[in-house]
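Naming follows writing order (A, B, C and D), and every chain is counted from residue 1.
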Amino acid sequence: MEHISHAKTYWVVWAALMCLMVATVVLSRVPMPGPLNTLIALGIAAAKATLVILFFMHLRYENYTLISVVFVAGLFWLLIFFGLTLVDYASRHVLGVPGH
Amino acid sequence: MFSNLPLWPSQASSLSGNVDLLYIFLILVTGLFTILVFAVVIFFAWKYRQAPDRHATQIEGSNALEATWTLIPFGIFMIMFVWGAAVYMRGVQPPPNAMEVYVVGKQWMWKLEHPEGVREINTLHVPVGKDVRLTMISQDVIHSFYVPAFRMKQDVLPGRYTTMWFHATKTGHYHLFCAEYCGTLHSGMIGEVVVMEPNEYQAWLSGNVNTGTLAMSGEKTFAELGCSSCHRSDTQGRGPDLAGLYGKPVALDNGTTVLADDNYLRDSILNPGSKIVSGFKPIMPTYNGIVNEEQLLSLVSYIKSLSQPQQGQPAAAPASVPLHTGRTQAPSAGNTKVK
Amino acid sequence: MSASTTEAVAQHSLQHHFSTMEQQRESTTLGMWIFLVTEIMFFGGLFTAYLVYRLAHPDVWEYASRHEMEFWLGTINTTILLCSSLTVALSVHAIQLGHRKLCAILLFITVLMGCGFLVVKGFEYHKHYVDGSVPGPWWHMHVERPDGSTMPAPNTYQLFFYLYFVMTGLHALHVTIGIVLLAIIGLWAWQGKYTAEYHNPVHISGLYWHFVDLVWIFLFPLLYLIAGK
Amino acid sequence: MATTAVATPVVRENYLNTNYGIKSWLLTTDHKRIAILYLISITLMFFIGGFFATLIRLELLTPQGDLMTADTYNKVFTMHGIVMVFFFLIPSIPATLGNFLIPMMIGAKDLAFPRINLLSWYIYIVSAALMIYVIVNGGVDTGWTFYTPFSTTYSNTNVFLAGIAIFINGFSSILTGLNFIVTLHRMRAPGMTWSRLPLFCWSHYATSVIQVLGTPVIAITLALVAIERLWHIGIFDPKVGGDPVLFQHMFWFYSHPAVYIMILPSMAVMSEIITCFSRKRIFGYAFVALASIGIAVLGFLVWAHHMFVAGISAYAALVFSLLSYFVAVPSAIKVFNWTATMYKGNVSLRTPMLYALGFIGLFTIGGMTGLFLANLGIDPHVTDTYFVVAHFHFIMVGGAVMAYLGGLHFWWPKMTGRMYNELWGKVAAFLIFAGFNLTFLPQFILGYTGMPRRYHAYVPEFQVLNVLSTAGASILALGYLLPLIYFLSSLRNGPIAGDNPWAAQGLEWKTASPPPTFNFEETPVVTWEAYDYEDLPKEVPVVS
């Protein structure tokens, strides 16, 4: 049967989300070397997304190995798309021959 | 063979033989396996054809067989891959000191420019036995420069230079096709590559009306556009000095480094704000829409020539390039990169 | 509602080809998740383009985000969406316990927040229009030089704004669909169509709304928070 | 004359006679009726696409572009491609045979979402209607590949609407795939474990995964093209620093796996036909099943092998070439397993089996020539030539269409309750096989000698091979018309087939032909493995 979590859980998760949002906004104002700003911002976004998926979207409660597989498959395919496209773009200048 | 039934394209470049050999290898291997599959299917269909007294034997499968027909094809595929990769890597890397020809594709014609300044349309004259490097760009849509006899094809893109090279081995006239669909007269965007003896080629070059080398017209454009007021060799310039720039790494103000190749030069003329050289201000106006692709090529050719040995001195290019000897200008557009 | 009526509603809600309510619930939930995965890939095309062009023109991205994005409006919108996710989660919780009116009210609050999000987004779009940072014929954006003077923005700046408008526009479209969906479900919940036993439409519409929130969780840092100030 | 044509009580209620009238069809949620709706619509699209193919072959009979203008020719090959790929091949087997059979094969009453199933047909119809509107109103001339910047900026034809039509069509495909995945997970009858699942279902599962994960990408890509046409600016536009090659990445990210959307269901059909007509269980069940999943996953890793000369980096080309060789392995495994299935069988060469054997042959040639195109040494020479055209027609027509026809013949008695004419069936199968080879084998030679594709006029030396190809196409056209005729005629005149005319294994054969509305009188309980032919008749019976 469907899991019914305590309403308090949702409020706690929401509070955590708001904290993370404040954190990402504040940290984005702090100059950091290289891509660190972006990495931290994306890390916090991933944390927020995880909270939403696990608690608000009930992935944690549902006995849904299957749904996790479906969702992870989606992310994995997204990474294939990013990764193999970048294989091209990241190596375009390596050979030093325009167009290759 | 019948003249109107060619079963094999003529071999006219140093690459053709390699590609054909690989092709024959693949035909033999795949042909063998195809015949094997056909033979087994037909044999089974005949041997085990329906008969009143026959009862099918139920067979679950065989891991050993599965492993065999997984691993053997895989091994053969890897041989094919490695061989193909070797041919390919040779085919994409132009040898240094190749003579350079610039190609501009547009709907629906090929415009070709020799470094000596000779321009042609839909016909490319090249000497036999010499490395030729094509730097290509399109004015509109994607085209593809395809010479079947050379076993070579490369898409010609708008907005970015692509490169292709060949070494013709046999004189003659060969088809030049556009192989990437480009609109109404795609099938009319054809021409020929004329491979000539070097001395004939030389004669052909000098027989053409010549308004000066490509680099010279680039120099003229450079002056007309006022580029020289900022890009100066003294320290007063507000822009970076361009002499000796080509082929070298450039430090940018965002801390990264790029190689000053043809595409970098082109981008820097059209989108000066996007890659600012370290120590300079982003003050250069864009020339997007002001210069056309051919002028851009001449500018690039001119900037390249600034990285060549001093004018008047013998070209650093090997003596096997008789092309430039005896000419007062030696801005060989060959990509002798200053290392 | 008496036990027998609840039973009747549940029976009525079971479609002919399913054997049990459980099977029906699991099927629709799985179906919704698979749909959300297609949505991931749908946005994925845009994220790939974003990735490629951001790596090609990091300076453009940094400048545009720093000088042209409405940082505070973006932050307000992030807050709105995170709160709306909470109300949706609570509405599903309410209906699980059989509180139909509470469920409906929470859904209506979510709808209001969704509308609020769109209004704020509208202000941002208007601001970009006035600034000339809408690509195409409306484009007349200027960038500041280090010495304080301005010059017309290089063409590559249009890439950033094009992606900005397409990504946020597609997201806004999803918000709009979500608003309509939740408004209808809210209405039905108010009318008593859903019970503690049968409320899967509330659940899967909620999943959709959370997904809209998820997309924004990534759009926010990617568009508004690029460069440290 | 008095007629005694009163329905006799012997006629059982089935999905066809349960109620009548247009409304009962257009509002049906029965997967079998929706399959029939799909069958009719894609057949129409197939003949529209075939009409364009005829025009292409007629134009190429002579080197001069004399039959039609260059613009017309460009539109004709574009619409041939679009109609055949998006409106025939992609929905062909899944939406008709898959739709009809999957619930029955797993012992379910229907798909998990019957109304969504109907919705996906309506989406298909809307997109097809839009596409036909585009065709009638001047057509589109970008090639089915919609390469930018030609499609976004330079074409003067109806690219916008064509893009929107394919965008809409994508959702039909996505919903079908989604429906299949949920159905296969949640609707299986008691005892129908994954290891007992017919390979038809395994292959369709793999297909559905591709549809669900790939189709959204083509949708957003074509939406971007459409927006770029309206807005006159876009991310593929080199004028603002955009990269047209990015379009190709995004396009092929879907469109290469789309080839597997076409071929995996064909493999699904193969496994059913070959086992039945060899009276044997499949050789290496697990390997064939896993090969389907392997193809679905690896198929997503190889897309840029369409772009070796497009201006991608040499290193990317190496990576994609290597990965392309990986994906060839599971296809090879399947071919070997089907062949091995015939070993020590009791093989009867009935019409579906002829198509199946034809499929193995043509698919093998198609697959082997794929190795040439994955090869970095050869691809730069043969890509964008008739070699490619021949290769993918071997896969998509020699493979997918042969399998589709084989499947139609195999399950026709189940769908209609009637048997088609066996002799005509064999004649058509031979004509198609012969015509197909004559059409496309010469194109390999054309390609290697250098004839580029999408050429309205060509240099005279290519004529002989083109004439051969056109001659083959006319035989092929005849071969495709024959089944249309004898299938239609069998509806009235064909012998009553009986519930299991082939004495085949599989749940779909354990119910009536045509099946009742909810497929089974009572939910079956499965206690046997797939393709358990041990206890079935040792020969395929003959219905007459």
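Simple rule for what comes next: contacts are C-beta pairs under 8 Å (C-beta built on N, C-alpha and C of every residue); 3 or more make two chains touch, one makes a residue touch a chain.
If you're wondering where the values come from, they're calculated on a predicted model, not measured in any experiment.
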{"item": "Chain whose Cα centroid lies nearest the overall Cα centroid", "value": "D"}
{"item": "Computed distance of Cα centres, chain B from chain A, in Å", "value": "41"}
{"item": "Rounded Å distance, chain B centre to chain D centre (Cα mean)", "value": "37"}
{"item": "Touching two or more other chains - residues of chain C", "value": "30, 34, 37, 41, 44-45, 48, 52, 56-57, 155-156"}
{"item": "Shared interface positions of chain D, touching two or more other chains", "value": "185, 213, 217, 239, 241-243, 245-246, 249, 311, 314"}
{"item": "Contacts with 2+ other chains: residues of chain B", "value": "92, 154, 157, 160, 162, 271, 274, 288"}
{"item": "Graph class of chain-chain contacts, one of line, ring, star, complete, other", "value": "complete"}
{"item": "List of chain D residues in touch with chain A within their complex", "value": "185, 209, 213, 217, 245-246, 249, 253, 300-301, 303-304, 311-316, 319-320"}
{"item": "Contact set on chain B toward chain D in their complex", "value": "2-9, 18-19, 22-23, 26, 30-31, 33-34, 37-38, 40-41, 44-45, 48-52, 54-62, 65-66, 69-70, 73-74, 77-78, 80-81, 83-89, 91-92, 107, 140-142, 144, 146, 148-149, 151-155, 157-160, 162, 175, 177-188, 190, 271, 274, 288"}
{"item": "Touching residues (chain side chain C, partner chain D) in the complex", "value": "15-17, 19, 23, 26-28, 30-31, 34-35, 37-39, 41-46, 48-49, 52-53, 56-57, 135-137, 139, 155-156, 158-159, 162-163, 166"}
{"item": "Contact set on chain B toward chain C in their complex", "value": "254, 270-274, 276, 281-283, 285-286, 288"}
{"item": "Interfacial residue positions of chain D with respect to chain C in the complex", "value": "108-114, 116, 174, 178-179, 181-182, 185-187, 212-217, 219-221, 224, 227, 231-235, 239-243, 246, 249-250, 518, 523"}
